[in-house]
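Pasting a structure below so you can have a look.
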């Protein structure tokens, strides 16, 4: 999996694919996979290209900037196990699922630590030999609490912070430290049931389907760019607790899917939405 | 399909199933199917029993009222083709699907007429030999328009009025004429995207799944008891129009499912929610 | 929708995307959409490119053959309403659904006629003003029957023949007349329940999910390249008839999906499988 | 959750629900939940009743045998954590998922041990403090191997043996020791792709959906009564390995669902099929 991934987005114009592939072909390289998309409303072009080998570097990037229109973004990456930190509160299902996948290399990540505002998940993290940090929120103000979290995160230099049912809301200042680098799981089919107790809301409304949504965290709660969603049918026999229980399987799968898509560099963010090259 | 359906709901107490089945067994009748549910929050009991033959009548109902707690509802019904009227505006997909199912007796209904505020659907209705009434909304006020619709509906005495993408909002006075007897299809996964242009809203929010919801019409728009919902995956390549197109198949299936469930007497309404005995 | 579609498949080699887009860019044309796929086992390349306008012709094709490896296929097409003939037997649901979509231009086809070995579907076809041909199979041998069908089809010069629950099996000789141009709907999730009475087989096996499969017809029954599949959950309460009834909605949606994919030129056939650029 | 569950099946006749609920009501007990089903082809009746409290015993059972037709089965149970043993080979995903659910009491079971023919899963089992037994199959004949497994199982007296991707086939003699007490996960949507390498088979056939099936183990491989199934869409871009990877999430969810249904006493087995009261 040492092949390189070229990630480009720029204003759309004629000849983009030609100009980009010319630079790759000119270097004698083989394209393994190529995906493109044009947002025709915004006239913006997106491309994800997997190129065999590991020879592309700064000079390739510079060359592309020459042939692409102003405002182009060009990023070189590859699929490798990126450092991540997982945050949770008390519920073990999403954390446990991610730790299992981490242990068996089903996700291209390397979980460096688990941070929680409660101590409940310690034994789970430690059974997988992952450092666990209990940073209580009680008795400290919000900024103090976040300061401690920031200090702890800095120890591990995570590429992404994964909120695996972390049940507290961050300040915009905290979120700004990890722009488009925090991935959350919300236990509803957003934008339905924004806010607290979505399963209770779903029960009260009498819906016949419930869901879960994974999204990037932005300063507007529950409004970050959506990465992945999934649903399951329910019916009148489900209590709010029954919905929550049924929802847990969806939550953990949706979060794992989103984490995989992001870590495999399949996700572009553009104007509060995502382009996902599956 | 001439078997009788007994529909009971009442405050929950011990012995309800025993007391009800005793009356049926005492008459020497065979129960073909029996479904029960207790809303444990509201302490309310629901039962749908299919009894062989056609011999139950008023005396059975009276007897049940004797043995059931105060506040019981007992209804005798059977699956037969009920008169319905369909209302639409311009889009043919839901209407066409219902007319096809009606023509081949896939639904236990008998479509008596189609009413629309536009003339576009006339040829579709008439190709199935169904009377079509064009009742324009232009140049008349809302109450005048609804008065004409009411007069037209009265001609056909429908058991249910099916809104197959009827794009106007009724006044509470009109809705009150058909309490729990109007079935609507909303082109979103309610309560997400309440109101106008849900596919545009879904596009703007960047959701990865869209849906449709069939519900009873109440005076609060988009808030009636939900009967059926379904969803399909979408992605960044869908324009609002592409979502609308993909959504049409879901809309027509969800509406047909809801109409079938209601006409087969499988749906109880209780406190703005439905109990659906599938 | 008058844009051109370029469909290319050839043995894989370096520089294909570059060489192809060079020819398009050299003509000053805009690529609206571009999809590529490499079958890495077979080392074969597939590309579907939508090019703005209508200016590509034979010289472009010839130029591509020059730059592409031996064995390349290059086809120029566009999305326009293609002539099709639908064949059925007695069941109306798939036929009715296709005729509705045809009437409202939801599919890029132009249904020229309906052919059936029974007369049951005549009124359905005629209510949509589509010529209906009853070609009975009784009292004639198989080849005579197929000869009559062939003669009838020849009148309409269909690009595709759609088998909308046509319940007879064609001889290899007949199939050879429409290579990769006959689309069938099979009422099971192939390869489960090959052959007759799949819903009965599904009932007997006690499956919890049933499905439908649309595929190109080849001389090996139920083994043609699969275009589209879908499923729905069932349970122990479903009789074989109940499964068949529930299956009808899946059948008609799967067939319509497959027809749309094929008519929009999104489907390549390669080694008994399909590449579907959705 | 100490309420009692009454599980009854018998030849169908009039008055069964009445006769059963009479005995419950006569004891002054409250029915919390009641589900019935009649297999009308086989004329057989099934009922699962949850009764408040813990007072029903042998005398109730005897009384029921008196009022029920010959051939009745009556079982009293309750939802409590039952002893189970899990068997695996090398793949960790199903085992890990079950151990997580076991650790957080999401399933009413108590995993007593893990047995495998390889040593790969030892650390996973041990990180959850579950005894791990490596019983190699190499260098011993089949019956010797199974004899060792039997001896090991006997230590733990499991109510159920869960095969979490155990990749060996048992002899009928072994299976006979745990009649309807072994639950397997098969990595295909049975009966499609019976036998080895189902993902390879699915790839070769070019299916657009893959699935997983959980079933009771009987002496006929892959033919035991199906408990639960689920599917996910795939397309031409999936290699056999990609299908296997995507399938793992379905496999673990389907197996966990089946185990939950069985342990909650929701599953009747009748004539090689299941009745599942969800």
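Going by the order they are written in, the chains are A, B, C and D; count residues from 1 in each one.
Quick note on the criterion: a residue touches a chain if its C-beta (ideal position, glycine included) is under 8 Å from a C-beta of that chain, and two chains touch if they have at least 3 such contacts.
Note that the structure is predicted; figures quoted are calculated from it, not measured.
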Note to self: Given that subunit B and subunit C are copies and touch, would you call their interface same or different according to whether over half of its residue numbers are shared?
What the structure shows: same
Item checked: Pair in A-B, B-C or A-C that repeats C-D, with over half of contact pairs matching by residue number -> A-B
Notebook entry, point to check: If you average the CA atoms of subunit A and of subunit D, how far apart do the two points sit, in angstrom?
Noted result: 35
Next item on the list: Find every residue in subunit D that makes contact with two or more other chains and list them.
Entry: 40
Note to self: Can you tell me which positions in subunit B touch subunit A when the two form their complex?
What the structure shows: 37, 39-41, 189-193, 205-209, 211, 225-231, 235-237, 239, 272-276, 278
Margin query: If we count contacts the way the header does, which residues on subunit D are in touch with subunit A in the complex?
Written below: 92-93, 96-97, 100, 103-104, 106, 124, 127-128, 245, 248-249, 253, 256
Margin query: Touching residues of subunit A toward subunit C in the complex: what are they?
Written below: 14-15, 17-19, 21-22, 24-25, 28-36, 38, 40
